[in-house]
Amino acid sequence: MGSKYRFRSLNKYLNPINESLLAGAIGLAIGAIIMVGLGYSPLDAYSSLLRGSFGSVYSWAESLANATPLILTALTFAIAMRGGLFNIGAEGQLYIGAIAAVSVSLIQISAPFHLIIALVAAMTAGALWSLPVAILKLTRGVHEVISTIMLNWIARFFAFYMIANVLMDPVRGEKTISIAETSRFARILPGSSLNYGIVVSALAVLLILFLLWRTTAGFELRAAGHSQESSNYAGISYKKQVLRAFLLGGVLAGLAGAVQVMGRPPTYALISGLPQMIDLGFDGIAVAMIGRNHPVGIIFAAIFFGGLMVGGRMMQMSAGVPLELVRIVEGAIILALAVPELKRIFYVVRKKFARKEQRGGN
Amino acid sequence: MRIFRIKVAAILIALVALVGGPFIGTAVAAGKIALVTDVGGRGDLSFNDMGFKGADEAAAEFGLELVSIQSTSANDYLPNLQMAAKSGDFDIIIGVGFLLADAMAEVADQHPDQKFAIIDVTWLGKPNLMEVGYEENKGSALVGALGAMVAAHYGYDKIGAVLGIEIPVLYKFEAGYRFGMHWGNAKYAAVTGKKADVGLLYKYTGTFDDIAQGKIATEAMLAQGAGLIYNVAGPLGIGDLEAITEHLEAKGKTAGPPFMIGVDANQDWMGDGERVLASMMKRVDFGVYQAVEAVVNGTFEGGVQVLGPNNGGIKMSGEAELADFITFGINGGKITESDRGRITDNWLAMRSAVPSWIWDAVDELSAKIGSGEVEVPCVWCADSIDQIRADWPDNVD
Amino acid sequence: MEIEHLWPILFISLHAMVPITLAAIGEIIEESAGLFNIGLEGMILISALAGALGAEYFGSAIGGLLVGAGSGAVLGVIFGLLNTYGRGDQLITGVGINLLALGFVAFMLINLGAAGFHSVPRDVQIKLIPLGVGSLSPLVLVTILLAIIVYWVLNRTQLGIRIKAVGENPAAADVAGIRVNAMRLGAAIVAGALVGLAGAYLSVDWFGSVTKEISAGRGFIALAVVVFSGLNPLLALFGGFIFGFFDGFATWVSTYPKIKDIIPWQFVAMVPYIVTLLVVAGVIGRVRFPKALGIPYLRE
């Protein structure tokens, strides 16, 4: 196989991008087949998908707004994955982060500090919710899949309790008190959902990039993820590495919750049932995997994923495609993304076509 | 090298496609309505389905095109409304559910020439926004009274309520149900001369999705002697009814008691017409239909409309709606046309097995609530749910 | 709380155990062979729908269960092919299946009718076994039996050794003449059938209906139970039961009026999750997974 040699060339960088683009195309093709089968026009559907997601400044803003929390929850997953750990706890940690951010609005602090304190509170809360995962793993050998799934549910009910009984709005009981004006992220584009919370996500990406590839801690984490045995041999502390991955992950997930509730208009409060938070953590896993667990890849994946959500709206509106079908198309794209070998199949088919063309030409 | 060039070309094409997006246009149709639903979406057996039913009927009646926009999360409300308003295609944009309130307030301000309507919200006050609220507490009082009297009649000492996530809208249901139960107890004692001491079991399940919670909660309440279960959690009613059906089956019976009480839609046709005694109908479809009708007739204006027992917006299910909702069930694929006769017969038998004075008493309560003679506690009006719980206690040791 | 309430709680626990344990056993087979499938939730969802339609079409509950298992097996084929010969990323595939299922089932339910749920007629639902103190689904017995069979196959037969070899050291297994990808594909299909049975149980037996979110997180709980069990089907039976017990118990207990005054329902609802965590931390502890779990096999 030539793949070993390809990695040495410029293709090292182009390959994953290509794969992703091709997978996207294949996914769209599968979606188109389904739509034709069901009597919808895929052309209408996809042109409205594109228009809806990236067709105007407004739709770009919405796509970026969707990407904002996803970048953070994806980083949570990716950091752990880089260290060989499977952390699916972002979902619960982000609820707790959001609760912490709202709690800070119980007190009054002057402008810049209020926002900063809320963010710090959310980061701390997220890390604290993540801490048991690391401790249970290190002391009792509890696998993180089990502890994170359980803690996600516990966080959900805890958040329900806080919303209904502690932080509730005295007038509008279906939500918590609003985030104080001094603690909100301003909007970037009026009328849209995009806000300066995205700066937090961007900074987090830069920080993680630096951390993973320019510091010893990052090297140790990646080494441990690569091979547990050899990193032990090199004297890298397993304990340190597990703690780092989960605490840092918790900080990021907590931030995701905070950014969402402090920045995403129009409510600036948590609603009972957490409808604006649910699934952000799980979607982050999909984003991280599409982005190949690389911070830069995650940015693109998050924008792509966020764009799909926005474009899905336009598909419903102007092509009449129900949201359920939009989800099917999304699922098909992600399935296609999972399989690098699809590319090979594509090349084989293309080669055959090329041969046919040649024959036709002769 | 060739492969590399193809790759670059592919990326370029993709980029062009992205940038070229805005220039791909679509035709604009005249006479469109947009229905923006909340995260429950269609198939919640509750207000989203009812909202869709109303919009669908209005679209058919007035020859309009209906575009339904479902939200994947609460984050979608603002952009969904915003994008619909920006398109300028819609004669009216209708939001279903109180969760859309904040987004609706913002978008309605930004698009003063666009007509909007919102269901379950009554506090925004915009000239271009019709707000439709419901008096669920009053309807719940009716089924609560019915429940207490029927339970006492059949020798049960408790009634139950299975509720979804603890939100104030559901407090309205709980408050009315409580009040109605006490009214029914008093009425039963007054009419029969026997003491009625029916108490309330209720459970907030924390979910609108997991049917198992409805089933388990209902099984628990039946084991504690509940004679009726009020479903206030949309799809969880399927679990409630399944529990009741199995409970009856174990005794070799198919017909209640125990019964379920349906919510929002008329669910009497479920359970073969012999296990759902009545439904507290919240006619979201009326509200949506009226909003569209007002736009078509040119009588649309902003402001609050309260639908309750007086104008048919809230009502306990009767014979009049049964046929309509059997059709709804047939469309839903649960039953077929051949079941219609049997379900109707079962339903009539179930209703006539309950003494007629009980039905008269419910009518009496309905009239008294309508005239204002009887005041039902109301969570969003003044009272807190804690106060209501203290004033109208569970009545269970 | 009266003593006669213990029986219904026991039956609730057993009924709640079935879908979680069936899906977990399926996943155990798959993980033993080196495939990690987080798409259980989506597979349960699709099979629940398929099972309901199958029961109606064939006019029999058994038919429904078989169709459900069959649809799960088909999904198993897709998952297996993508992740063996396709060398796919198992995590992404799983996420894709979950997303696809969520859209597919909701879409089908809308196209099947307006009501958004689909109900299985009473006469083609699984008949419960009346036991005097309550009624028990025969699927409970089937689940227990399957757990024992799978345990026996994995630990006491040549086939089990081969499955584990493929998950543990695929290169060595290959050298020993085991066709790694074929074995994994087979495991994925059997696993899919079991997960499909779990889905069909929900619609044809436990609830008698399908809704668009009927699985309600059970696929993820099953994943946790797999970890809990350390790939031992008998422990998965136990894990499914204690989760089912505390879930049912928590809901049950919180319908008692007095409980509400003492503990808010949100904290009662946490109980099954906290208990599971405590049991794992206190009793189960560290578990070991196959070395090649999640890694596609590439012949050098």
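Letters A, B and C mark the chains in the order given here, with residues in each chain numbered from 1 onward.
Here, contacts are C-beta pairs under 8 Å (C-beta built on N, C-alpha and C of every residue); 3 or more make two chains touch, one makes a residue touch a chain.
Just so it is clear, the structure is predicted and the values come from calculations on it, not from any experiment.
Undergrad: Given the touch definition stated above, what is the smallest step count connecting chain A to chain C?
TA: 1
Undergrad: So, comparing C-alpha centroids, which chain is the farthest one from chain A?
TA: So the farthest one, by centre of C-alpha atoms, is B.
Undergrad: Distance between chain A and chain C based on Cα centroids, please, to the nearest Å.
TA: 27
Undergrad: Find the geometric centre of each of chain A and chain B from their Cα atoms only, then give the gap between the two centres in Å, rounded to an integer.
TA: Those two chain centres are 34 Å apart.
Undergrad: Chain B: which residues touch two or more other chains?
TA: 41, 166, 206
Undergrad: Could you list which residues of chain C touch at least two other chains?
TA: In chain C, residues 106, 110, 217, 266, 269 touch at least two other chains, as defined above.
Undergrad: Indicate the residues of chain A shared as contacts by at least two other chains.
TA: Residue numbers touching two or more other chains: 157, 160, 164, 322-323.
Undergrad: Please output the residues of chain B touching chain C within their complex, sorted ascending.
TA: 41-45, 49, 52-53, 160, 166, 199-207, 209-213, 215-217, 219-221, 223-224, 235, 238-239, 242, 245-246, 249-250, 328-329, 331-334, 394, 396-397
Undergrad: Could you list, by residue number, the parts of chain C that touch chain A in their complex?
TA: 82-83, 85-93, 95-104, 106-107, 110, 217, 220-221, 223-224, 227-228, 264, 266-267, 269-270, 273-274, 276-277, 280-282, 284-287
Undergrad: Under the definition above, what is the set of chain C residues touching chain B in their complex?
TA: Result: residues 4-5, 8, 12, 16, 106, 109-110, 112-119, 122, 128, 130, 134-135, 206-209, 211-214, 216-217, 247-248, 251-252, 254-257, 265-266, 269 of chain C touch chain B.
Undergrad: Please give the residue numbers of chain A that touch chain B in the complex, ascending.
TA: 10-11, 14, 17-18, 21-22, 44, 47-48, 50-56, 58, 62, 65-66, 157, 160, 164, 172-174, 191-193, 260, 264-267, 271-273, 275-276, 278-279, 309-310, 312-314, 316-320, 322-323
Undergrad: Mind pulling up the chain A residues that touch chain C in the complex?
TA: 136, 140-143, 145-147, 149-151, 153-154, 157-158, 160-161, 164-165, 285-286, 289-290, 322-335, 337-342
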